[in-house]
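First chain A sits with chain B, and in the next complex the same chain sits with chain C.
Up next is the complex of A and B:
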C-alpha cells in the first residue's frame, strides 16, 4: 500500500502542471490538460480518503538548504477533509471549463487560465499539507498570485482589473497579518515548524496575539464581515468556474487556517469561542441581507459565500465554547457541523456558480432582471440550480440542512448543558441562524423564480441556447452529492467524528454524532418525505389524467395586453426587505419623477454597492493617502534603488543583531 | 397499547379535522356579520368539489407550477407527524425535531412562492415577495419561543416540550409564558394568513399575500392548497393550545376530546379577531412581526434569568 502522503504530493505536483499541454498546443492540449487534472484529483481524493480512514497522521521532513530549518509537510484528518473538497471541486471545474471557455474559441485566454487554474489547485493542496511557516507562506503567496492572474484573465475590462487589484491588496494585507502570526508562534516554540496540536497554552498574551492575527489574516481570505470587501467584485468578475473554485475552495483556506490555529492550543479561552460565534452571526446575517439587494447573479452568490462562512464560524464557535467548558458533545457537534458545512458549501456553492455560468453562457448577461423563463430553454441546468438553491437555503432533505442541523443541535444542547455558565450566546445564536435561513430562502426563491420561471424578460433570454454536456456533467455530479449527503448523512458522520477528535482530543469522549444528533432518524424522515412527495405526485398525476386539462393565459387582473416587462423583477421582489434594511445597505436609487396628467417616460434604477468599502474603507485610505504623501517619494519605480533598500535593510539588521548579541 | 391507538387517531386527526377549523372560523365571522353563513362543513365540500374539477394551466408555467402544491402538501404532512396533538406523543419524535418541523414548513413556503413566480404574473410575484419577507421576520420569533420551551422543559423535541406541559409552570414562569403566548398568537395569525395580516376572503385586492400567490392554481391543486393551509392552522394551533391549556385528564379518549374542543374554541377566537379587527396597512405588518420577535426575546431573557 502506498502511503497517502505520496499520493497527495504526486497529485499536488501533477495538478500544478496540468495546464502546460494546453499552453504548448492551444487546441489539441485541451483534452490532455483536463485528463491530467482528473487524474490528479483521483489520486488526491484516494490519498485523502486513505488518510481519513487509517486515522493516522504522517509528517515528512524535507531539507531545502534555507536558513529556516527543514521544510515539513504532513497529512492528518483535518487536511484530508480539505483535500477532498479541493480535488472534488477542481475536477468538476476543469471538466466545466471545456464547455464554458473552449480553447478553440478562446485561443488567448483559455490556455493561460487553465495554467493558472492548475497552479492554483496545486497551491491550495500545498497549503493544507504544509507544516512549516515559510513553506506555508510561499504556497499561500503562490495561491494569491495564481488566483489574481486567473481573475484578471479578461484584463481588457476595467471592472475586472479593479476587482483584481482589490483582491491583490487585501490578499497581501492578509499575508502581512500572517507574518505577524507565524513570528509570534516562532517566538513561543523557537521553530518555524508547526507545533503539534494541543501543545501551546491558550491563556498567555502571546496566544491572544496569535488568535487575533489569525482572525485577521485568515479572516481576510475567508471573507469574514467586515473583512469581506474583496469578495463580491472578485467573484463577480472572474470566469464562472474560477468563481466556483474561489467560493467553494479558496475562501475555505481561511477556515482551514482558523481551525488549524485553534487546534494548536491545549486550552481555549472562553472569549475566543464567543468572538468567533459573534463574527459568525454578523457575517451570516449581514452577508445575506446584502445578497438579497443584489441583481447581478454572481455578486449575489458572492454575498452568500459570506453568509455561509458565517454559519461555518458559528459551528466553530460552538465547538470552542464546548472546549473551554469541557463539554465533549458540543465540541463534536460544533466541529462536525462546521466541517460538514464547509464541505457542503463547497459542493452547492460551486454548483450554483457553475449554474450561473451556464445561464451567462445561455443568455449572455449577469443581470437577473434580463433573464426569465430559462427553465424551458435549459431544463437540466434549471433542475441542478434548483437543487443547489434548496441546499444552500438549508432546507430538508438536502445536504445544507444536515450541517445547519448539527450546529442547531449544538446550540440547543449548549443552552441546556452549559446553563450555569454562559448560555445567552447559545440561546441568541439559534434565532439568528433561523433568521439567516429564512433570508437565504427569500433570496434564492427570488433568484430561481426570476431567472428560470415566468416569461423571458429580454430577447437574449428568449433565444437562450442549450448548455453543452461538458458543463452539465459537473453540475450533475455536484447536485448528486447534495442529494446523497442530504439523504444519508449517517454515512459521512464517522469521518467528521474522526476529524473532530483529531483536532480536539477532548472530543474523543463524546457520543457518536449519528446518535446525539439522531442522524439515522433524520435520514428516515427524509426518506419518508420523499415517499410522501412521490405519493402526492402520483395522486395528482392520476387525478390530472382523469379530469379535463385546459391551457389558458395567466390571469392578468382583467388587463388585456400583459407583457413580460410587467412581471415582478428581482428588485421589486426584494423591495420590502431592502427598505427595512436600507440604513445598513445604503442603496443608490434613482426614483422616477411623475407629475402631471400625462407624465413622460420614466425610469427607476437601484443599485446596492459594497457599503462598507465605499463608506468606510475608501475614505479611510484616501485620507491616509493624502496624509502620507511624503512617503510616496520612496516609491518611484526605479528598480535599482529598490534593491538598494533591501541591501541597506539587510545590513542594518545584521548590524543590529550584532550589537544586540554583544550587548 | 395506548401508543398503538394514538398513532391512528393522530393520522385521522391530520387527515380529517383541519378543514373543520376553516368552517368554524367562517361560521363565527358570519355570526358577527349577522349572516347565516355557509354550513360549518362547507370547506369539506369545497375540497372534494375542487378535487373532482378539471385544471387550467397557463402556457407560461413549467413543471415547477405543478410540483409546487405536491411538494408543499408533502412537506406540511411530514411536519404534522412531528407535532404532538391532543396531549399525546407525536408519531415521530426525536432530538431536534422542532428544527426539522420549522424547516419543513420553510420548504413548503419555498415551493409555494416558486410556483407563484412561475405564472409570470406581477400580482403573484407581489404575493410571493410579501410571503418571503414576512417569513423572515416570523422565523426568529418562532425560534425564540422554541428556545424558551426548550429551557422550560429541558428537552429538545416537540413532544418533550409540549406533551405533559405541566400547568405548574404557569405559576413559576407565568410572565415569560404570557409574553411567549402573545408572540405565538401573532405568529399563528401571520403564518396562517389571517386578519390582521392578510384577508383570506378577498383575493382580488392588491394587498393580499397567501391568496394571491395561489391565484392561478385550479382544480385538484387548489384542493391540496386549501387542505394544506388548514393543516398548517391545526399545527400552529396545537403548538399554542398545548401551552395555554396544559391539562391532562389521564384518559386518552378524554384528552383527545378536550384537544378537539380547545382547537374549535381557538378557531372561534380567530374568527372573533377577524370580525372585530381591520386588516393592517401593509407597511405595519413588519412592525407587528418584529413586536412578536421582541416579545418572545423578552420571554427568553426572563426564562434565562430564572433558571441560571
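Up next is the complex of A and C:
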C-alpha cells in the first residue's frame, strides 16, 4: 500500500502546475488543465481519507540545504480533514471555471487565473502538511501572493485594485505576526520544526504570547472580527470561483492554524477558551448583522463567512474550555462541531458563491436589487442555491444543522456540568448562536426572495441566460454533499471523533458522538423531514397543474403606472433590522426630501460600508501618516543617499561593536 | 603559497584605487573583471585541490571575468556613453576617502576576534576595504553603469570574506550568491536601457522624479 503522504505530496505538486497547459495553449489546454486538477484532487482526497482511516501520523524529513535544519512535512487526522476540503472545493471550482470564464472568450485572463489558482491550491495543501516553521512561512507567503494575483486578475477596474491592495497589506501584517509566533516557539523548543502535539506548557508567559500572536496572524486570515476588514471587498471583487475558494478554503487556513497552535500545548489556560468563544460570538453576531445590510450578493456572502468563522470559533472555544476543566465530552463535541462546521461551511459557502457566480453570469450584475424572477430562468441553479441557503442558516435536514447541533449540545453540556456550573460563558453563547441562526435565516429569505422570486427588476434579469452544464455540475455535487452529511451524520462522526482525540488526548475518554448527540435520531428526523418536503412539493405541483397560474403586475398601492421595481427591494426588506443596528452599521443614506403636493423627482440611496475600516482603521492610519510626515523627507528618491544610509549604519554598527569589545 | 595569495590581494587593493580614480567606464569594467579573475584564482591556491573549490574558481572566473564584463561592455556600447561626468564627489577626494577606509579596515581587522590561522593574512582587511570601496562607488557615482561596477566590487568584498570559509561553504550558498549576482546584473542592464530610453540619459539623479 502506498503511503498516504506520497499521494498527498504528488497531488500537491500536480495541482501547483495544473494551470500550465492553459498558459501554453490558451484554448486547447483548458480541458487538460481541468483534467490535471481533477486528477490531483482525486489523489489528494484518496490520500487524506487513507490517512484518516489508518489513524496514523507520519512525518518526513527533507534535507534542503537551508540553514534552519531539515524541512519536515507530515500528515495526521487534522491535516487530513483540511486536505479533503481543499481538494474537494478546488476540484469543483476548476470544473466551474470552464463555464464561468471560458478561455476561448477570455484569452488574457483565463490562463493567468487558472495558473494562479493551481499554485494557490498547491500552496494551501502545502500549508497543512508543513511541519517546519520556515517551510510553513514559505508556502504561506506563496498562498498569499498567488491569491493576490488571482484576485486582481481584472486589474483594470479600480475597485479590484483597491481590494487587492487591502488584501495584500492585511496578509503581510498577518505574516508579520506569524514571524513573532514562530520565533517565540523557536525560543521555547530551540528548533524550527513544529513540536509534537501536547508537548508545550500552556501556563507560561511565552505561551500566552504565542497564543496572542497566533490569534492575530491566523485571525487576520480567518477574518475574525475585528480583523476581517479585507474579506468583504476581496470576496466581492474576485472571480466567483476564486471567491468560493477563498471563502471555502483559504480563510479556513486561519482556523487550521489556531487549532494546530492549541494542539501544541498540554495544559490550556481557561482564558484561552473564553477569549476564543467571545471572539466567536462577536464575529458571528456582528458578521450576520452586516450581511443583512448588504445589497451586493457577494459582499453579503462574504459577511456570512465572517459569521460562520464565528460559529467555528465558538466550537473551538467550547473545546478549549473542556480541555482546561478536563471534561472529555465538551472537548469532543466542541472540536467535532468546529471541524464539521469547517467542512460544512466549505461545502455550502462555495456552493453559494458558485451560485452567486451563476446569477452574475445570467444577469450581469452583483446588485440584488437588479435581479428578480430568476427562478423561472435558471431553475436548477435556484434549487442548488436554495439548498446552500438552507444549509447555511443551520436548518434541518441539511449539514449546517448537524454541526451547529454539536456545538449547541456542547454548550448545553457546559452549562449543566458541575465543574463549569458557575461559568456564565456557555449560557451566554447558546442564545447568541440561536440569534445568529435566526438572523442568517432572515438574510437568506431576503436574498432568495429578492433574487429568485417575484418578477424581474431589470431588463438584464428579464433576459437572463441559462447556466452551462459545467457550472451546474459542481454546484450539484456540492449540494449533494450538503444533503448527504445532513441525512447521514453518523457516517462522518467517527472520523471527527478520531481527529478530536488526536488533537487532545483528553478526548479519548469521551462517549461516542453518535450517542452523546443522538445522531441516529437526528438522522431519522431529517430523513422524515426530507420525505415530507418531497411529498409536499409533489402535492403542490399537482395542485398547480390543475389550476392555471395567472401572472399579474406588482401592486402599486393604487398608483396608476406600477412597475416591477415597486416590489420589495433588498434594502426595504432589511430596513427594520438595519434601523435596529444602525448605531453599529453606520449606513450612508441619502433620504429624499419630499414636501408640497407636487414634489420634484426624488431618489433614495443607501449603502453600508465596512464601518470598522472607515471609522477606525483608516482615520488611525491617516493620523499616523500626517504625524509621521517628517520622516517622509528621508525618502527623497536619491539612490546614492539611500546607499549612504546603509553604509553609515554599517560603519556605526562596526564602531559600536568595536568599542563594546574594548569596553 | 600564502605569499602568492597575499600578492593577489595586494593587487585587489590596487585595483580598488584604480576604479575609484578612473573616469572611463570601460576601464572600470575591465579593472573589475581583472579583480574578479584574481579573486577566482585564490581559492585554488589557498586550499588543497578539490572539485568543489575548482567549481567555485571556475564559476567565479567565468561569471566575473567573462560573462558580466561582456554584458556590461555591450551595454556601454549600445548607450554610447564612455565617461562618468560630474560625479557627486570628485575623483581625488574619493580616492582619499578610499585610502582612509582602507587604513580603517586594517585597524578594524586587527581588533576582530579571528581564528589564529586567519590572523596573519590580508583577507579580512581586503574584504572590508573592498566592501567599503564598493559602497563608496555606489554613493558617489551618478551614472547607473558606474553604480553597477560599484555593486560588483561590493560583491567581490563579500567573496573575499567567504574565501576564509571556502572549504566549509555549502555549494548551494556559493551558487546562490553567483546566481544572485548574475540576475542582479541582468536586471540592472535592463533597467539601464529603460532609464536611458525614458530619460535620454543614464543619470540616476533623474530618478528622483519616480518617487511617490
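FYI, the second predicted complex is superposed on the first by the 594 of 663 C-alpha atoms of A that agree within 3 Å, B and C clash if a C-alpha of one lies under 4 Å from a C-alpha of the other, contacts with A are read in each partner's own complex, and residues count from 1 in each chain.
The criterion applied here is as follows: a residue touches a chain if its C-beta (ideal position, glycine included) is under 8 Å from a C-beta of that chain, and two chains touch if they have at least 3 such contacts.
Just so it is clear, the structure is predicted and the values come from calculations on it, not from any experiment.
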{"item": "Touched partner set for A:25, first chain B, second chain C, both or neither", "value": "neither"}
{"item": "Contacts of A:375 with chain B and chain C, given as first, second, both or neither", "value": "first"}
{"item": "Touching partner for A:643 - first (chain B), second (chain C), both, neither", "value": "second"}
{"item": "Of chain C and chain B, partner touching more chain A residues", "value": "B"}
{"item": "Touching partner for A:635 - first (chain B), second (chain C), both, neither", "value": "second"}
{"item": "Partner chain(s) touched by A:470 [first = chain B, second = chain C, both, neither]", "value": "neither"}
{"item": "Which of chain B and chain C A:661 touches, first, second, both or neither", "value": "second"}
{"item": "Chain B versus chain C as contact partner of A:65, first or second or both or neither", "value": "second"}
{"item": "Set intersection of chain A contacts, chain C complex versus chain B complex", "value": "none"}
{"item": "Residues of chain B that touch chain A when the two form their complex", "value": "51-64, 66-67, 69-71, 73-75, 77-78, 81-82, 92, 94-96, 99-100, 102-104, 106-107, 109-110, 113-114, 116-126, 128-130, 132-133, 135-136, 138-144, 146-147, 150-151, 154, 156, 204, 215-216, 219-221, 224, 286, 293, 297, 300, 304, 307-308"}
{"item": "Complex interface listing, chain A residues touching chain C", "value": "65-66, 635-641, 643-644, 646-647, 650, 654, 658, 661-662"}
{"item": "Chain C residues touching chain A - in the complex, by the definition given at the top", "value": "88, 108, 111, 113, 132, 135-136, 138-142, 147, 170, 172, 204-205, 207-212"}
{"item": "Contacting residues of chain A [partner chain B, same complex]", "value": "372-373, 375-376, 386, 390, 393-396, 401, 405, 408-409, 412-413, 415-416, 419-420, 423-424, 427, 430-435, 437-439, 441-442, 444-446, 448-450, 452-455, 516-518, 521-522, 525, 528-529, 532-533, 535-537, 540, 543-544, 547-557, 562, 564, 566-568, 572-577, 580"}
